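Shared chain: chain A. Partners: chain B in the first complex, chain C in the second.
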Partner chain A sequence: MSTASYGAEAKPRVGFFTDTTVCIGCKACEVACKEWNLIPSGGLEWTGESYDNTSQLDANTWRHVAFIEQPKPLRVDADGADPPDGQPEPLRWLMESDVCKHCTHAGCLDACPTGALFRTEFGTVVVQEDVCNGCGYCVPACPFGVIDRRDLPRSPQDAPLALPLLGTKEDGRVWKCTLCYDRLKGGHEPACAKACPTDSIQFGELDELRERAQKRLAKLEGEGWNGARLYGDDPGDGVGGFGAFFLLLDEPEVYGLPPDPVVPTRHLARLWRTTALAAAGLLAGVALAFAGGAE
Partner chain B sequence: MPGLGTSFGRGGATTNQQDLANSDCIVIMGSNMAENHPVGFQWVMEARERGAEVIHVDPRFTRTSAVATRHVGIRAGSDIVFLGGIVNYILTNEKWFDDYVRRYTNAPVIVHEEFVDAEDNGGLFSGWDSDRRKYDVTTWQYAGVEVHGAAGQREQGFKGSHVKGHAAHGAHGGGMSSGNPPERDETLQHPRCIFQILKRHYARYTAEVVAETCGCSVAEFEAVAETLCRNSGRDRTSAFAYAVGWTQHTVGVQYIRTASIVQLLLGNIGRPGGGIMALRGHASIQGSTDIPTLYDILPGYLEMPHTERYDGLDDYIDRSSAERGWWGNAGSYMVSLLKAWWGSAATPDNDFAFGYLPRIDDDHSVYWTVEQMLAGTVKGYIIAGENPAVGSANGKAQRLALAKLDWLVVRDLVEIESASFWSDGPEIESGELRTEEIATEVFFLPAASHVEKEGSFTNTQRLLQWHFKAVEPKEDCRSELWFYYHLGRKIRERLAGSTDPRDRPILDLTWEYPTSGVLQEPSAEAVLAEINGSDSDGKPLGSYKELKPDGSTSCGCWIYCGVYTDGVNQAARRKPRWEQAPVAPEWGWAWPANRRLIYNRASADPNGKPWSERKRYVWWDGRKKKWIGDDVPDFDEQKPPDYTPDGDAKGPDAISGSHPFIMQADGLGWIYVPQGLEDGPLPTHYEPHESPFRNRLYEQQSNPARQTTDLAEDPYSPPGSPVYPYVVTTYRLTEHHTAGGMTRFLDYLAELQPAMFVEVHPGLARERDLRHGDWATIVSPRAAIEARVLVTERMRPLHVDGRTVHQVGLPYHWGTRGRTTGDAANDLAHMALDSNVHIQEVKALTCDIRPGRRPRGAALPKFVRDLRERAGAR
Partner chain C sequence: MTTASYYGRNIVKQPVWKSEIPLYFWTGGIAGASAVLHGLARLRGNEALAKRALFVGAVADVASPLLLVKDLGRPERFLNMFRMFKVTSPMSVGSWILLASGGASSTAAALELLGILAPVRRAAEIVSFAAGPPLATYTGALVANTSIPVWSEARDQLPWLFGASATATAGAAAAVVTPVQFAGPARRAAVAGAVAEGLVMREMRRRLGFVGEVYDQGAAGRHARIARACTTLGAGLLALAGRRPAPAKTGGLLMLGGGLALRFAVFRAGFQSARDPRYTVVPQKERLRARESG
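What follows is the complex of A and B.
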């Protein structure tokens, strides 16, 4: 990732540190995001997945709060002892506001053939909705399943091609969190961070957020928080570190996050090398065959 | 409101949400603060980050429990046992804050010799009249205090709350009838002193009884009591936060009273990080009692005149003002109110138009009114900002009542169920009502939202905050202010020239407000200025201390006097907190007198010194001869700590320099309430009106003074009925607001909780064959509703009286209209009420739950009736 091409206009890289230990699951982030970015409703399906009825990040959900009920204690004593007699069975309810990770090495950006996806001067990854042609190459390139094509309900205005008015039609484009690029341009923090009442979503310069997260983790570990860990703060990981990283209380899979995300394009060099080798082998075989035939 | 009012003197939260960050321990009980007050909850989280304990005691494991340091599950309706257990724990283990209790509370006061405690009388206090189902409070009084016999008798002769003066609605306690100093025993040993009565009263609330009644373990209870005591005292403070999880019971006021006793014993009132945070459920619910939408009080908690009381203004003032304490100035407040309303028409010669005030002659509370609608005596109804067809207890009775009206006006943002009951209500589907037979003429008037008008909110902590208009209201939508101003203007135009004396009160009203714009919107700031008050030159007043009883000042609500100081809208101040003192006195404006933490004289010891350096807040500066500190002192600024009133002193001068509760006649925090409550001077556990259990503490099953109806539409389940074996409790979700009018109709909120659901434990699901994601039918003696099943470990089963009891959780946001629709949980609820405040008991009732959807059409009422008959419910 580089914002070098912006020259003097490049800004320090910004992002989110989402601290799930203070999240109260109010979903203000989801609503503020939709309000600011004018995102269509995601539908009225009751899922029965605890209090989560949006289920995942997709074209119409750029912030998603996961709810996980677990038979585990929120904190454990330093010696890992079981709760004392007379205390109820352990129970905790984890809540986590998920968002696009704005990867250092962004698969979506690498895969985009039109230049609709670009790296902003803030180091974030944004889709230009007026450039995207809906090819969808970016969709499988995201190791988190974040970027997504938008389907729209059919309406009578779609006639005659929409007849009969069944199913959905494609908006034709892909959508995801822009880290409120327009707000950043105006010197404001993103809508979700602004709306978060408990500062679970913290916005700022990434370097500073990473330092803050390390201190926070050390404090929580000292207090015996069960399973506290950072996720996506390591620049050495498969996507070169997240622009939006997290403090979790369990394995990433528990939250529906990949444990070891890798940007697909990281394998490109190796893939091409293998391909080249195979091609060379093939050519050599062909050449040998011809050579043999000449006898 | 009366729970806090009778204990401390004012019916508002004693603290503010920001100050919770200074707590060492926060007990959240009767509230799901994280879900319903998410913005204010940031200060709870801040306290936790600073190392405070956050304890959530609640029937359910909620989003609040999820971030608390401890959750204790208890049976809905058993809170007084849990809190009474804490009182007993404090007294048994000698954990009370001795100096505070002896000097600042009525613990040493000796009570009337004929007083009999519930302890010795099967759960009833002395003075119970079983025919009238009311208490005569004579024997509850302090020894040596003469009761106004005639007044007492007369005032208790009416249905509803009619004890002496202001204490009637308990908004501010005080109101002792005599200036005689009470008898005290400073050693706290006298058998009739309040401290000893308290000890005996709560002796049976042992940890074992708590465990067996509430369903938690002894260890869980003791951990809470121990943590609370450990974090209270000179150096540390603990706070309580509650909401309607406490108030919505037939003994709800006494829940709050029990917490008040705990906080007085531990010395946590009037101190930073302490207090009782009453969390109100709407943006301006506190405001709607300060400038009331209630029938029995006037602005600033002045008493509403009664047809059979008060010969005139002097009589009203004489009887409704306490001789001692701040209510001694009630005359100034009342005359200034009359001047604000009737201006030059209010003169000393006509009692300042006191005769113009409407009179009440009975209970006129909302459930009483619904009964009258059903009886056909109330024929017209205006509903504004309410949705009783969904939000009030016994939805069917509500809707049947609406169907009996001649006319109905509904003002709301959208066409809510209370406006559409005649076309799509559940009774239309079941055939109990037929559209063509409903004669009610319904007028729906679209309302402007808060961004389409300016005005003030008075929030949960008495803080007035101004909001500005962002956009013009669309189409026919209008603000409340527009509606009532122009309604009044048109009525006055119709009456112009009338010589009928009964029209004078309307024609003489001060009704001139500047209007602006195409819509002729009245100026909200002009209304605020009138509420603030002015002197005879029209100069805005700065404090209620400037109010006079001679007609030279006007003031629309004395406790709000000062909100327009110097002609500046103080409620509109928005200085960021980092540019001002820690309590942020320049953000908005709080009543009274911009005090953020009230009774703060108690943050200093009797000599005026902070109890500790860590908890210093307001103290006596001996050099400057005044009280100073972080906040506006809630005390006469110049009154030294050693001030002792002489026997003849009246009003505020009668309060000692070391008595912090200046609204009380004796300046003390009331552990024991001799008058002001309908159902007892000390909180006592009674089972909810409907309960699967017998009261294990007393013979008396339920609150004897609770109000019940005789309506056929409101039958009750007998105690312990096997037909309705489960406890059901109702609540809100973050994603929706109360009866749903503001949220169910919005895509972005509806999609977050898109269906009515019921929360049950896996054990109950097995017991009743309920499947996660399928439907269930929940039935009470009043109604049956259906909901999607959410099976969750968060609905922990409890062990009560040797058996397992399951609780059923129901959010109450749904109705027949909006983007998401569903059955209304409140249809299940009954109309039994707390006698002090006429509030319904929707937090603890009984039900049965069965798999599958409910019957349709005429089969539905039959299903409900068959079960009811089997249970013998009447």
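What follows is the complex of A and C.
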């Protein structure tokens, strides 16, 4: 990740610190994101999965609040033991507002063949919607399953497609959180952070957020919060650290997050070598087929 | 094995690609390996085989970009693939390889048909020959360079698997359309490709461990079984009775079907391994544990 090519236009890297311990599950972030970014409806579906009816991040959901009901105590004593007998059955309700991680080494950006995905002067990762041709390669490239293609059913009043035989769906481009690039340009914080009533979503310069997160974690550990941990704050991880990182209360997979995400590009040099060898192998194999005679 | 998950939902997204993509993996493989078969046949003076491999390759090369454009979310923007050359994106690299290969092989085939401009045709043949092997193998890198567990974890085998299958199918296609007395190298290439494919598949399954079980399940499992049966039977026919026209044609067609089924098996396996969060979580947890224990 580098904003060096921006020269004097480069800005300090910004991001989110999402502290799930103070999330109240109000979904103001989801709504604010939808309203500011004019995101179409993803449909209405009652899942029966606690209070979560959006289920996941996708082309039409750029902030997603996860709800987890767990038979675990919220706090444990210093030895990590459960609360003493005689207390009611432990139950906690975890809530987490998930978002694009704006990775230091972003799989989507590396995979994009058109240059539609780019690194902004703020160090964030954004899709240029006037360039994206909907090839879909970024979708499986993302280790978090964030970026997604928008394929909406066409309605009769939609303008005709340029090549009607080639498609029946509207849009066909990929979408994800822009970290409100337009708001950043205007000196405002992203809509979700602005709307968050408990400051569970904190926006700011990444260095400062990481320090703040460490202090917060130390405080929670001191108070005996069960399972408190930072997720994505380490620049040494498989994606070079997240631009949007989290304070969680359980293993990442409980929230639908990968425990050890690695950007596919990390293996690409070796993969290209394997491909070159396989190409040479193909050539040698066919040449051998001619060694037995030309006819 | 029980693994914590968020209501059993997938972590990585399933690809948005449709059947055009595995179909392209098949046509691109045929095009790439046919160019090699064509070039070597030309060098060795087997004109009957050279011509037919050239035409097979050109047809596959022309079909390939049409399939890819059709699969785009915005097909009218297909030219955006050529805004840049980007080595971090196998899709970008592959677009340029396909542009070179398709342009060269269709030019060479057209000039061959018309019987004109022999020097230009030869230049086009050289370009197509050079672009062939990377065209046949880069698609393995394309799928391996993702976060889909069953693709990503097979990154040491997929380019070999696709290269072997490309050799098998291009040899098979040439064996179908070439008179048997000129098709010896095509048959040998087809059989060698089939054997290599079987060996690489076995190695891939061994390395994948439990993630590879998707190749035994659902649509991927069905396609993998069809691929194995067709390729084995077809290669057997070509090897044992390939000097007679009827078994050569039957064997070649079976192998072409087997190669197509193999691409669909790999394709569907990717969806199945993305859908179940266990395939994402378990290998990553093992990686973390291995790192923590030093």
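Heads up, the rule we're going with is that the second predicted complex is superposed on the first by the 258 of 295 C-alpha atoms of A that agree within 3 Å, B and C clash if a C-alpha of one lies under 4 Å from a C-alpha of the other, contacts with A are read in each partner's own complex, and residues count from 1 in each chain.
Just so we're on the same page, a residue touches a chain if its C-beta (ideal position, glycine included) is under 8 Å from a C-beta of that chain, and two chains touch if they have at least 3 such contacts.
Everything numeric in this text was worked out from a predicted model, so none of it was measured.
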item	value
Partner contacting more residues of chain A (chain B vs chain C)	C
First, second, both or neither for A:Gln128, with chain B first and chain C second	neither
Which superposed partner A:Leu271 touches (first chain B, second chain C, both, neither)	second
First (chain B), second (chain C), both or neither touched by A:Cys26	first
Touched partner set for A:Ala279, first chain B, second chain C, both or neither	second
First, second, both or neither for A:Arg92, with chain B first and chain C second	first
Contact residues of chain A, present in both the chain B and the chain C interface	none
For the chain B and chain A complex, residues of the former touching the latter	34-35, 38-39, 41-42, 45, 49, 61, 63-67, 69, 71, 73, 217-220, 223, 733-735, 747-755, 757, 772-773, 788, 790, 792-794, 796, 819-820
Interfacial residue positions of chain C with respect to chain A in the complex	3-7, 9-17, 32-33, 36-37, 40-41, 44-46, 49, 69-78, 80-81, 83-84, 86-92, 95, 132-134, 136-138, 140-142, 144-148, 151-152, 155-156, 159-160, 162-164, 166-167, 171, 181-182, 184-186, 188-189, 192-193, 196, 270, 274, 277, 280-281, 284-285, 287-288
Chain A residues within the chain C interface of the complex	47, 49, 52, 55-56, 58, 66, 68, 107, 110-116, 131-137, 139-149, 151, 161-163, 166-167, 169, 171-174, 250-251, 253-261, 264-265, 267-268, 270-272, 274-283, 285-290, 292-295
Complex interface listing, chain A residues touching chain B	22-28, 30-31, 34-35, 41-46, 48, 50-51, 53-54, 69, 71, 74-75, 84-88, 91-95, 197-199
